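Encoded as structure tokens, the structure appears first; notes follow it.
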Amino acid sequence: MIRWDNLTYTELEKMLNDKTVVILPIGSVEEHGPHLPLSSDMIQPYYIAEQISDRIGAIILPPISYGWTKTMNSFKGTISINFETLKMLVFDILNAVCKTGVKNIVILSGHASKLHMAALNLAADEILDIYHIKIMVLSDYDIAYEYRGRLVPETDSHAGIIETSRVMAIAPELVKKEWKYEKKKTEKKYMVLKDIREYYTYGTLSDPEGATPELGDQLNKLITDRLIDYIKTNFEL
Amino acid sequence: MIRWDNLTYTELEKMLNDKTVVILPIGSVEEHGPHLPLSSDMIQPYYIAEQISDRIGAIILPPISYGWTKTMNSFKGTISINFETLKMLVFDILNAVCKTGVKNIVILSGHASKLHMAALNLAADEILDIYHIKIMVLSDYDIAYEYRGRLVPETDSHAGIIETSRVMAIAPELVKKEWKYEKKKTEKKYMVLKDIREYYTYGTLSDPEGATPELGDQLNKLITDRLIDYIKTNFEL
Amino acid sequence: MIRWDNLTYTELEKMLNDKTVVILPIGSVEEHGPHLPLSSDMIQPYYIAEQISDRIGAIILPPISYGWTKTMNSFKGTISINFETLKMLVFDILNAVCKTGVKNIVILSGHASKLHMAALNLAADEILDIYHIKIMVLSDYDIAYEYRGRLVPETDSHAGIIETSRVMAIAPELVKKEWKYEKKKTEKKYMVLKDIREYYTYGTLSDPEGATPELGDQLNKLITDRLIDYIKTNFEL
Amino acid sequence: MIRWDNLTYTELEKMLNDKTVVILPIGSVEEHGPHLPLSSDMIQPYYIAEQISDRIGAIILPPISYGWTKTMNSFKGTISINFETLKMLVFDILNAVCKTGVKNIVILSGHASKLHMAALNLAADEILDIYHIKIMVLSDYDIAYEYRGRLVPETDSHAGIIETSRVMAIAPELVKKEWKYEKKKTEKKYMVLKDIREYYTYGTLSDPEGATPELGDQLNKLITDRLIDYIKTNFEL
Amino acid sequence: MIRWDNLTYTELEKMLNDKTVVILPIGSVEEHGPHLPLSSDMIQPYYIAEQISDRIGAIILPPISYGWTKTMNSFKGTISINFETLKMLVFDILNAVCKTGVKNIVILSGHASKLHMAALNLAADEILDIYHIKIMVLSDYDIAYEYRGRLVPETDSHAGIIETSRVMAIAPELVKKEWKYEKKKTEKKYMVLKDIREYYTYGTLSDPEGATPELGDQLNKLITDRLIDYIKTNFEL
Amino acid sequence: MIRWDNLTYTELEKMLNDKTVVILPIGSVEEHGPHLPLSSDMIQPYYIAEQISDRIGAIILPPISYGWTKTMNSFKGTISINFETLKMLVFDILNAVCKTGVKNIVILSGHASKLHMAALNLAADEILDIYHIKIMVLSDYDIAYEYRGRLVPETDSHAGIIETSRVMAIAPELVKKEWKYEKKKTEKKYMVLKDIREYYTYGTLSDPEGATPELGDQLNKLITDRLIDYIKTNFEL
């Protein structure tokens, strides 16, 4: 696994070329129910990034642990940064990376909320106004949720079976044995949400019952494979 | 060692009280000569933060790996984010942390350049306009450099004996065995610097000769002790 | 149909109460193939807003004709405004509307691209930090596309059968009789798009063949009905 | 009358050349006494733009209905957007229009307050830093008020004889039959105004008595003629 | 004459009360033909402020020497600051002054261009959203130009008879004996101006012939008297 | 002594060449104890600038009287402008100066607080991204404090012996005969300070006892000499 910042500047200089793929992992500090750590959205994409780095030699940038996750703010410990801050941070990092001549960038976010992803896309869009490079922006959950209705129920969601299984597989010591899930009422469609506690008692948005580390391993493997395929196709490697 | 984001939201909730000390470690992705990793400014304050957490139960926030380090931009691998971005990022994180009721915050930066530190101070200053709390802002190098003229030469600097020794003590596998140092000419005082390469051939700004892991251990220990003293005095713990 | 700005200030004052629903229609000035007008994304939600106003007395705000539609910029006539501009514009308008005491707001956008919608959601989110009101944000295409796979092919898209039919039903004089559609290659998933011309020769992103004004009428009616249901449920009217 | 957005992108492409004049009509949503609609400042310049388009083939952009009109905020229904928002909106639109190769732009505002006009001028000024084009910025009231002291009293003002007559001529169905006007005290010169209600009971700032649709027609015709003259002279058509 | 900053903090504290009038003089660094100094717009309002301070005890703030004067940028020596910078600077100063309890503020600008004045008005407007105070914003030229058509020709303008006379009366040593004036062509009305050199060879915009220090004295006295009247009336002193 | 703005644009044009040194003096409006005027930080660097101009022909720009001095805000009369405002103001001025072809700029600030100096450095840094010129940024106190431990006690500070002596030498009429100094408690190191009154009763931060105009003259002379040396060396004159 290659971390950009574990290299000296002379080592990095020798390593970079037009085929280099650089991955920027982004997480969030966000409640994930009373059973998963606040770092869940960082742990998962970082693990995927490590697998990809091991298999195709991609270079991993220092991760951004913070994201936009405002609707979870009422749960203690959630740290949401502003949309503009997140966008500028990603822009500045990509801008510096592009100046080194890197041509292929993957922004991989564990957190997948629409506004969070929009900040990442906006930063990437502004970079493409300046540099002639290729950028992928996705969440590992964009891929993971393709397995809903197959490996897990269609309704699986935040801190549910997929997420609990995946964190169990990666960092079992951080997962609590007992989980709680209670939906208070049906979500109103198209309403701008202020606080998720309106609908859920705990931060768990779907029942984790059925989560296992084995399922987590299987999913992490499937996501890694799929993402490597996308990288090879999209960057024409 | 307690990491804020390794806890669940319910665990964190129970842990927080008026005496809680929270540490935000900040680094930079910056060249440190051909012998030290780009992460040197993150490795060192993070290690100090871990020691402090072990000894007095301070909670460590997810670190910010990126800082303002523009004069090193010409060395490949350095990633400098903008002053405004850095300020907003620190502000947003502190703002969320203060909303949880935390009263004592330490911003501990491995990178110590004046503009970088000013961004951290400005963020802290804006937080103090809103919350009635206490904030310390310092670099571990504010303390380390007090030992210049004693344990190391007065002129020791970036990627020199102190820094090489400290990284050797913490992450020996990332330190290259051979170092290079060459000063091209005397720095002009009070001139705004564009590119450090005007004065130095390599990114090493003082000769690391004499660095040892033992000296690094000694310094890390001294810094930890001193910083714990400051924390206890300043926060009246 | 009630337009906010066709009233005098005294008329409006008498009309407003806690049950009032206000609709802000938002479009874009965007190419829609060689057969549909640049105003297509404004014509459609505005028509829906008129129907809703007729049926439940909602008040229509002066529409915003401009949106974020950058990937279509290479087609002459497309006018994309910046993300930040769009967000601030919507925020300022909602802010003024909320000060009059309005409690129920619908932001209805004809354009549905992710970043465009994110700007609207971000504005709404910032308004909810200040006012205790209810806001819906959606595109009429969020509803229209539920009929893909039923009334039209699953792949129907920008300037395709649904859009052509709907504009035919509302403003037949603006629809050209001959349309052109040509896909050059398969879109790369998760890649940040710079210019849609990479994939399509004309601005038509799915084949409009099969579009009729009758289908347009049917769809407009279905969307209106569904949206009125949402409004009644979400605002508890 | 040619509306930019009623064309398809291919139609527009054929139409544009170096002699093309594009008009951006700007209004405000602002109280105009108890007898005129909130849209009065949009109705008037839009009607003038239509006349000009009919006579010299100018292309009309989708109008901006919102302006800076803060001193009228205490009258319900007035929607004032911020100075910066208005400036950015106009800048973004002109920027996109200039990229299509348009060389001659008229910004025509129905609202004429100093700060509102300054926002339009500032946007135009920033555009001229980038593009080598010609821009006119004016209010139709810059011309209309030249007839004060001739066709109407010297003191005629907001919602007075000129404005009432002109709206009567364009949209008689929106004008109430009875008007009210009451000045409370003399305005203090050079004082920054917070709320016009300090000086006037209703939003009518001069007595509309004497307004007729015939006078309105005459004025609209005079303004159109004069503006066409300016356009021909200034753009050397 | 009382200068805010010539006092100690304890002296100022004793002096301030609800009747205190504070004057913020604003100039520009702008060409004024080959015969007047770049500081002409600062010299004049500052002199007026001194007279007012002498006569009614108003306190003068440290002046702002820089303004928005972009159309003169092509003449060497002109220093135009951005609109936003000027607005923020005036806002910050007024904000601090208001916090001391001052209730009556005069912003007196020697430079009178529309965008420059708009920046001052916008800052004042934003201050009035926060503090319950009174602010006057004007240029001494708003008053001086009332004497056009009486003491000087109707067309007198920038660096013309009034301005030359006034500077002669205040700082004769800075006025060159020979002046130059040449108009190249008639200004186009309503066109956004990029560079005044399009119309004038030198920076002199009307012929200074006829300027005398006696006329300058007379005008300075008239402006002072009139402004004191406005201050007494507006602030009800 | 040459002031930029006492020249006409034609005079300035003739004077400027590649060897020209331009000085931008910056102060603050800040309490300096009950014995020194609020303008102390402006008086001192301006006097130094005058000496330098007399001796080496440097051109002095109109000074900026306002700075960032927030920790002194609780003393009446202190006017602190925001960090961003100060940075933009200095940037705009330097930007205009650089466009005239000036190659050597000195920013000389009487106020020396870290955030204030950071704003000046950040502006200079942004200018160096655009222009190929040389900029010095310093406070006259950077030099003055080198004499602590020699001419005055090591602990001399704000409004102490050096500052009182220097102002006595330059503007004796503004210095009060009696001074007050009282330290309440020891400052906490590395704590972000909100209000200096926590530590000091008056605004005097070290005892001025021993201040004399003779010492002030001596210091002003020493600072001038040293600064001229720096200028000659740094700009290679």
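Brief remarks follow.
Chains: A, B, C, D, E and F, in written order; residue numbering restarts at 1 for each.
Operating definition for what follows: a contact is a pair of C-beta atoms (placed from the backbone, for glycine too) under 8 Å apart; a residue touches a chain by one contact, two chains touch by 3 or more.
Bear in mind the structure is a predicted one, so any value in this text is a computation, not a measurement.
Counting steps between touching chains, the shortest path from chain B to chain D takes 3. Comparing contact pairs by residue number, the interface of D-E is reproduced by A-C among A-B, E-F or A-C, since over half of the pairs coincide.
The greatest centre-to-centre distance from chain E, using averaged C-alpha positions, is reached by A.
At the chain E-chain F interface, residue numbers used by both copies make up over half of all numbers present, so the two copies contact each other through mostly the same positions. With centres taken as mean Cα positions, chain D sits 49 Å from chain A. The centroid of the Cα atoms in chain B and the matching centroid in chain F are 30 Å apart. The distance from the centre of chain C to the centre of chain D, each centre being the mean of the chain's C-alpha atoms, comes to 26 Å.
Touching two or more other chains at once are residues 84 of chain F. A ring topology is adopted by the chain contact network, closed into one cycle in which each chain touches exactly two others.
The ring of touching chains, read from chain A in the direction of chain B, comes out as A, B, F, E, D, C. Those residues of chain A whose C-beta lies close enough to touch chain B in the complex are 3-10, 12-13, 16, 27, 29, 31-39, 42, 61-63, 65-66, 73, 75-82, 84-85, 88-89, 92-93, 96-97, 99-100, 174, 176, 203.
For chain C in complex with chain A, the residues that touch the partner chain are 70, 83-84, 114-115, 117-118, 121-122, 124-125, 128, 134-138, 142, 188-192, 194, 230, 233-234.
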